[in-house]
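Think of it as A, B and C in the order they're written, each chain with its own count starting at 1.
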Amino acid sequence: MFKRYLLRRLLHAVLLLAGVSVLSFVLLELAPGDFLGEARINPQLSASTIAALQEQYGLNQSLPHKYLSWLGSVTKGSFGVSFSYNLPVSTLLWPRARKTLQLTLASLFLSWLIALPLGVLSAGRRGGWLDRGTSLVTSLLLGLPDLVLACLVLFLAVRTGWFRTGHPILPITVLVLAALPLLVRHVRSALLDVAQQPHVRAARAHGIHGMQLWFQWLLPAAANPLASLFGLSIAGLISSSLLVETILGWPGLGPLFLEAIAARDFYLVIGPVMLSAVFLVAGVLIGDLLLYLVDPRIRTGI
Amino acid sequence: MKSLPLLQKLAIAVLICLHLAVLGARFLAPYDPTEQNRASTLTAPSRIFPLGTDEFGRDQLSRMLWGGQISLATGWIATLLALGIGLTLGVAAGFWGGWSDALLMRGAELFLALPWLYLLLAVRAFLPLSLSPWAMALMIAAIIGTVGWARPARLIRGVVLSAKEREFVYAARGFGASPWRLITKHCLPETYGVLLTQAALLLPQFILAEVTLSFLGFGVAEPAVSWGNLLQPLRQISIIGGYWWMTLPVLLVVAVAWGFSALEDALASSNRANSG
Amino acid sequence: MHNDPALLRVERLTKTYSRRSWLAARHPEMPAVAGVDLELRAKHCLAIVGASGSGKSTLARCIAGLEQPTSGRIQFAGRELHAAMIHRRIQLIFQDPGASLNPRFRVAEALEEPLVIHGKNFGREETVERLRQVGLAESMAERLTSQLSGGQKARLALARALAALDQGHPNILILDESLASLDLSVQAQMVNLLLDLRKPRQLAYILIAHDLSLALHWAGEIAVMYQGQIVERNTPHMLLADPRHPHTKQLVAASLEKESLTTEGGGGRPGV
């Protein structure tokens, strides 16, 4: 049963990623520039040199040709070649991807670690001082975009000198602060919704309360929205990481990507785009799988 | 409107004032935003330069006012584009259903799975550098808008789907109403609420996208001004540590984010009041 | 064949929902309407009575042109009706008349909708007159439809249906359980109104219901529907006296029980 569900979701994810790759290729091809743009206006390079370079980099090929050969390189594990570095894209990507994953996973863990209890306590003592305080802070934080948060943290780090730039605590702090407000709000509202459900109210009317209520009724019922939320929070972290890594000097995918696009290094650009799409889709997939494990209703729906 | 908390009202008021100030940059800005004054680089706020100058001696106040035009305009154009596409596709899918609906849902899923910031940067990088600032801003707005239609489209589809099942639509059909009339007179009015809340959600995101792009150096090229360009110097530690007035443009971004967040809350509570 | 005495003739009407339609969830294999034959003369009243799921609403919608029958024929005054013309001769009033009114519209707007759709208009005077015909005051014209009471909404729905129908010809009005949701006294008023309008507007009525109570009062003929087919057809008097089909017997029994409950309650039946 689980295997069938897993296979279906995997197939769906793969199809989605294939679609994303095609769309990305098309969009990038539509844009008129390419790697040799600068070279062409350089008076020191002759037209024949340019032509030879074009051959070498495969810039003359048609779009389907390029796409298919890229797909071929994906199966071989090289993901195309970087023009600037003259190396397979994968050798450049993996170390950076690891760094980004480290950041993302750490932030994921920390943000849920903080958000769950905060959300639970806020929902549990609705209207209390913790609830109102949390609500105020989340409203404030929600209004601060990632860009601002990153600059703020950088500013503080520089002023106080507590952490040097490049230390992981800086980007993690920003990512967590960026993710927390929505997470806390959603956890809180999911729990409040669940508390209103008929079977939970019936349990309370029967006198069940405290720990038993939480672990046997509330948390299992809230598992559905929370599992979906988990997948979405991964997606959010991936999107934020590009900017945060760049501003705070963390050597992840972000800075590599920006370098690549400045150089118009086509395959090195496609690499991180696809990788972040993979993380995104993987995040939602994990959310769906968690949902399956946690919510029996999903299992019977197959 | 009366029942809004004070902070919310304040945030929305600031947002509106900001827009008005930016619109009136021609009249309010004391200097040309690109005019350099080599003698007074990085001066603190004073009577001559109310908000100080940057490393090229350009007046920050004027740059903030004029820069807002590009940043805000890009956000608004992108939002209108995304909502326009989303409305058209969502209505078509919701009303006619069948394969057009299936196509829309698959397509929306695809676009929602796109890492749009990455894609935005990538496409921008491959655009020719020779475009004029406004042409570039329009292109950026176009890219953001065409990638961001998916969420509004899905929401509108949902609204139209349920609206067309309502009895008064069947009744109108029973009088021989054309699909056009059914859509414009009966389904569209139901979408206005969603459109407004989506606008309040997307506007800050898209404005921020332009700012981020320019901040990273991939927005409008110098010497054109955008809020992102104003924030660029902050990437240098020496600036962020030593010259406090250079961080003022951050307040602009925060004001926009808070203002729209308050607006969204206000819309949400008025929607609740109307349907409750 | 303009001399056909029957205003409406339905022959072997069948409607099956394809498996993909959500409506098929209830009857995945059985057709909703299975080979129904029916006749209705001008200014007569036919009641179609059956339990939920018997297909009576589907039948009504097919006749009114809101659904396409899978097979069979519908003839109006001896001819097949062109889709564009159906709504000018046959109108259907829905189960919840209030829901058939867009709450954002004003009363006058809602009344005029059938005409506006075809590019025409009522004058203010005509609108007021039509409202008066169904018992709505002139002051209602500018109110939002959402502000009307249940009974007023039913009257407005009736006025709209009448506005859509061609004047000067015999027409058909189908009431799809439209009166069931109203208070008894309001129901009675509506029935009176419908009976009053019958001659001047040359209306024939098809009354769709799930029990016999209203049908017994004012229908000239009752057809009992069960699982998509007409299983029995007779005058009210004969139906009560000699029900043949088991389902008819159930309906008769239920209505007699209801009858005795109301009389025992000491209130007597609401007069029509």
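Please note the rule applied: a contact is a pair of C-beta atoms (placed from the backbone, for glycine too) under 8 Å apart; a residue touches a chain by one contact, two chains touch by 3 or more.
Model, not experiment: these values are computed from the prediction.
Novice: Line, ring, star, complete or other: which describes how these chains touch one another?
Specialist: Line.
Novice: Looking only at C-beta pairs that count as contacts, which pair of chains has more of them, A-B or B-C?
Specialist: So, comparing the two chain pairs, more contacts are at A-B.
Novice: Measuring from the mean C-alpha position of chain A to the mean C-alpha position of chain C, what distance in angstrom results?
Specialist: Once rounded, the distance between the two centres reads 57 Å.
Novice: Averaging over Cα atoms per chain, report the distance between chain A and chain B in Å.
Specialist: From the centre of chain A to the centre of chain B is 22 Å.
Novice: When the centre of a chain is set as the mean of its C-alpha atoms, what distance in Å lies between chain B and chain C?
Specialist: Centre-to-centre distance between chain B and chain C: 52 Å.
Novice: Which parts of chain C, given as residue numbers and ranges, touch two or more other chains?
Specialist: none
Novice: Give every residue of chain B touching chain A within the complex, in rising order.
Specialist: The contact residues of chain B facing chain A are 11, 109-111, 113-119, 121-128, 204, 208, 211-212, 215-218, 231, 234-235, 237, 240-241, 247, 250, 253-254, 257-258, 261.
Novice: In their complex, what parts of chain C are in touch with chain B?
Specialist: The touching residues are 64-66, 84, 87-88, 91-92, 94, 96, 99-102, 104, 113-114, 117-118, 157, 160, 164.
Novice: Enumerate the contact residues on chain B facing chain C in the complex.
Specialist: Within the complex, chain B contacts chain C at residues 166-168, 170-178, 181, 185-186, 189.
Novice: Where on chain A does chain B make contact in their complex?
Specialist: 16-17, 19-20, 23-24, 27-28, 30-34, 37, 139, 142-145, 147-148, 151-152, 154-155, 158-159, 165, 238-239, 242-243, 246-247, 257-258, 261-262, 264, 269-270, 272-273, 276-277, 280-281, 284
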